[in-house]
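Two complexes, one shared chain (chain A), two partners (chain B, chain C).
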Partner chain A sequence: MFNLSELQHDALVEIFNIGVGHAAKSMSEIVNEEVTMSVPSISFLNRADAAEMLGNKESSRVCGVSQHYEGAFKTEAILMFPEDKSLDIVRLMVGESVPLKELTEMEQEAMSEIGNIILNSCVGTLANIFAQELSGSLPQYHVGTSEEILSATGANASTVVLMLHIDFILEKHQIHGYVAFVLDLTALHDLQEQVDRYLAKVMGPA
Partner chain B sequence: MTHSETHRLGMLDSVLGAINLGTIVLDHERRIVVWNDWMRMHSGFAPDAVLGQDFFALFPELAGKRIDGAVQQALRDNFPSVLSQTLHKAPLALFASPAARDSGERMQQAVAVTPLEVAGLPRHCLIQIADVSVAVTRERLLRDQALELRSQTFSDGLTGIANRRHFDVAMEKEVRRAKRAGSPLSLLMIDIDSFKAYNDHYGHQQGDDTLIKVAHALAAMLQRPLDLIARYGGEEFAVILPELDGEHSVMLAEKMRVQIEDLAIPHVQAAGNDRVTVSIGASTHSGSELADIAALLGAADKALYQAKRGGRNRVERHQEA
Partner chain C sequence: MNETKTVLVVDDSRVSRLMARQFILSKKPSWVVEEAATGEEAIEKVKTLSPVLILIDVNMPGMGGLAAAEQLRLACPTTHISLVTANVQNATRNRANELGIGFMEKPITETRVHALLGALD
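After this line comes the complex of A and B, so read on.
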């Protein structure tokens, strides 16, 4: 599988941690309660392995929010949580005490907004640090197996998935989720080039 | 401008006027450049009154809020944002009708903020506002029915008031609400005095009848919709009093104590009395310190113990050390 140098890897982990930090701050302001988020690790996977990681069984449904970005690099970004965890997140954010079995239409919109905040922060931080501009689409909400969600967002067998593990902590609950950046080979190359350019800038020429 | 372009612009203008969605366009300095007829109808501002004005000067309460960040993100980063009704309720002062405006009941809104490229000018942004009141009402109905169904498993079989499970759920919800709103939350623990002796003397059947009478008398004294009385244990009741400070909760507790005394249910085995009485312990989370369920319960329990030790048929309030 595709690999980054240790330096490139560390730079991306740091950038994404700044990104989710901004997202956590925005969410704290909305709910007036402390929200913390971190990205403990990232990995590059092929699509099949990415689907596997999220538990690709009929029984394990995943809830996803996706946005398409393009510019300095092109990607489909997808925030994913196991469906039961997404119920937890929305209800913790909303402070609702009558849980129904699935997210209602209004709760799905709330989940879309949460995804929108996290994805925009992650991609926005990348764009800022790379001093590049990207444009984004409005968020879309999905429920299904991880395989279905990855397919629905246009990932094919040859795409690479940059997978971020995300820890989300609200009101003593810790919830583990993922952000997947679906990249084709060109996009992957563009991303790597941007990371190198950034590293050259901060470290000085090698 | 050619003839057909003039027609096209006129037509687009009519479309903007006809669509059933609030449509606002801000320029790169966040000045309003489009304000459609839907906005005029629901905001009460005519386009002439708002065009050219800074959007956040017109709605100062929105400055620094999520929509402010969303506009910045659209103009600066070229990213769109959504604001869901669930997380924001009704950010803009928009009303479905003049009657709703008079009563101050805002329209429930879902908002989308998207960057807008305008040829030859710096980037603008488009704010779209949808009225989601119908969906909100529908979901409230659904939730109420779910709650209704659940309440059947949430009430105490003997007395009909809330059971322990209901109490635990309500307590968690109210503590979080108090924490978010910074409002006080009081808790009463109420215990029937010498109840074991009552059961031993009058029998369990009559003991149950007395439990029911006491429960109903206490429940009848709660007037506010969020107050909750639950059967906490055998002859113990717990009362959750959101947004009530320590002083007022003790006043209510005292009224409850008197009310039970006035029921004059005979109790020949009562220690130091001839009738059924209750001891009450009160505790309050004041809104300033961090609320904690265990601490609030512990404090009310301690106060109840003090009331018992102090001779029963009295109210004690837990004082912080």
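After this line comes the complex of A and C, so read on.
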């Protein structure tokens, strides 16, 4: 099993916290209301447990936007919302003037763009903190249970993954969403190396 | 002034193009907003258009926004070109600087678009 030292764990949570702060600001600009984000929690889980943590139920379908990143480390970043709220979010984004028919037609594309903005805002902040570059794929849109979405993004059922789990809440509209980062063991080691470099830079060599 | 000028919005996201169009026309109702969904399409369009401003996304299918912006810079040396991107990484900002083009963070907001248009006056 992969382990982080307490210091590495703290640093990683703080770095993601800054990234999530930027993502919250972007989200807030998209929907024109305050967005509250939880302090991220990090867990080492397999895919099934990760899905359960995200509330995997047949009845609760979610729409997800994923992007694959490569560079300093590899990760699959996923943004998830309840499927029945996605039209509300798109409406908040484009405003009241767009007719419902047009809005429905552009729902998938608009959600992909929202995912693109939020995920890049978070990942871009991480890249800047690490003084590295991460290049992202185009956003992929998925609908299904959280288990189906995690498997569609390539997470192997038995592989241990780092789930960085962030809740965010749109206060006025009672919409809860999640951002998750899935990393395999190789990517975790690469990420750990970046954290060590960052710690050495900010604290000086041990 | 009701002078007609053209802005080219290059983005693979239709919703982003729609928002950019709304925000440009709310400040400059007499201007013309042309759209392209890829860098390749933008390069083709500037052969017949003379935009005063090109807003271009980075992460797009095909050649991508940075490679397209490089060619657009050569094709339209006096046009103000700005990246409009969710990619907030310093590496991307630095590349924009090297190309002599602007950088605007997504999401596209009315405030950001109006500030940019104001700077063109």
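Throughout what follows, the second predicted complex is superposed on the first by the 151 of 206 C-alpha atoms of A that agree within 3 Å, B and C clash if a C-alpha of one lies under 4 Å from a C-alpha of the other, contacts with A are read in each partner's own complex, and residues count from 1 in each chain.
Simple rule for what comes next: contacts are C-beta pairs under 8 Å (C-beta built on N, C-alpha and C of every residue); 3 or more make two chains touch, one makes a residue touch a chain.
Quick caveat: nothing in here was measured; it's all calculated off a predicted structure.
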Practice prompt. Scan A:G124 for contacts with chain B and chain C and give back first, second, both or neither.
Written response: both
Worksheet item: Per the overlay, which chain contacts more chain A residues, chain B or chain C?
Response: B
Fill in: Which superposed partner A:T104 touches (first chain B, second chain C, both, neither)
first
Item to complete: May I ask you to decide whether A:V94 touches chain B, chain C, both, or neither, giving the answer as first, second, both or neither?
Response: both
Discussion item. Per the contact definition in the header, classify A:E171: touching chain B only (first), chain C only (second), both, or neither.
Written reply: first
Discussion item. Looking at A:E33, would you say it contacts chain B, chain C, both, or neither? Reply first, second, both or neither.
Written reply: first
Item to complete: Look at A:N3 in the shared chain and tell me whether it touches chain B only, chain C only, both, or neither; answer first, second, both or neither.
Response: neither
Worksheet entry | On chain A, positions contacted by chain B and by chain C | 26, 29-30, 90, 93-95, 97-98, 106, 109-110, 112-113, 116-117, 120, 124, 127-128, 133-134, 136, 138
Practice prompt. Please name which positions on chain C make contact with chain A in the complex.
Written response: 12-16, 18-19, 22, 59-61, 85-92, 105-107, 109
Fill in: Contacting residues of chain A [partner chain B, same complex]
26, 29-33, 71, 90, 93-98, 100, 104-107, 109-110, 112-114, 116-117, 120, 123-124, 127-128, 133-139, 171
Discussion item. Show me the residue ranges of chain B that touch chain A in the complex, using the header's touch definition.
Written reply: 66, 69, 73, 77-88, 110, 112, 114-115, 132, 135-136, 139, 142-143, 146-147, 150, 169-170, 172-173, 176-177, 179-180
Worksheet item: If you look only at chain A, which of its residues touch chain C in the complex?
Response: 22, 26, 29-30, 90, 93-95, 97-98, 106, 109-110, 112-113, 116-117, 119-121, 124-125, 127-128, 131, 133-134, 136, 138
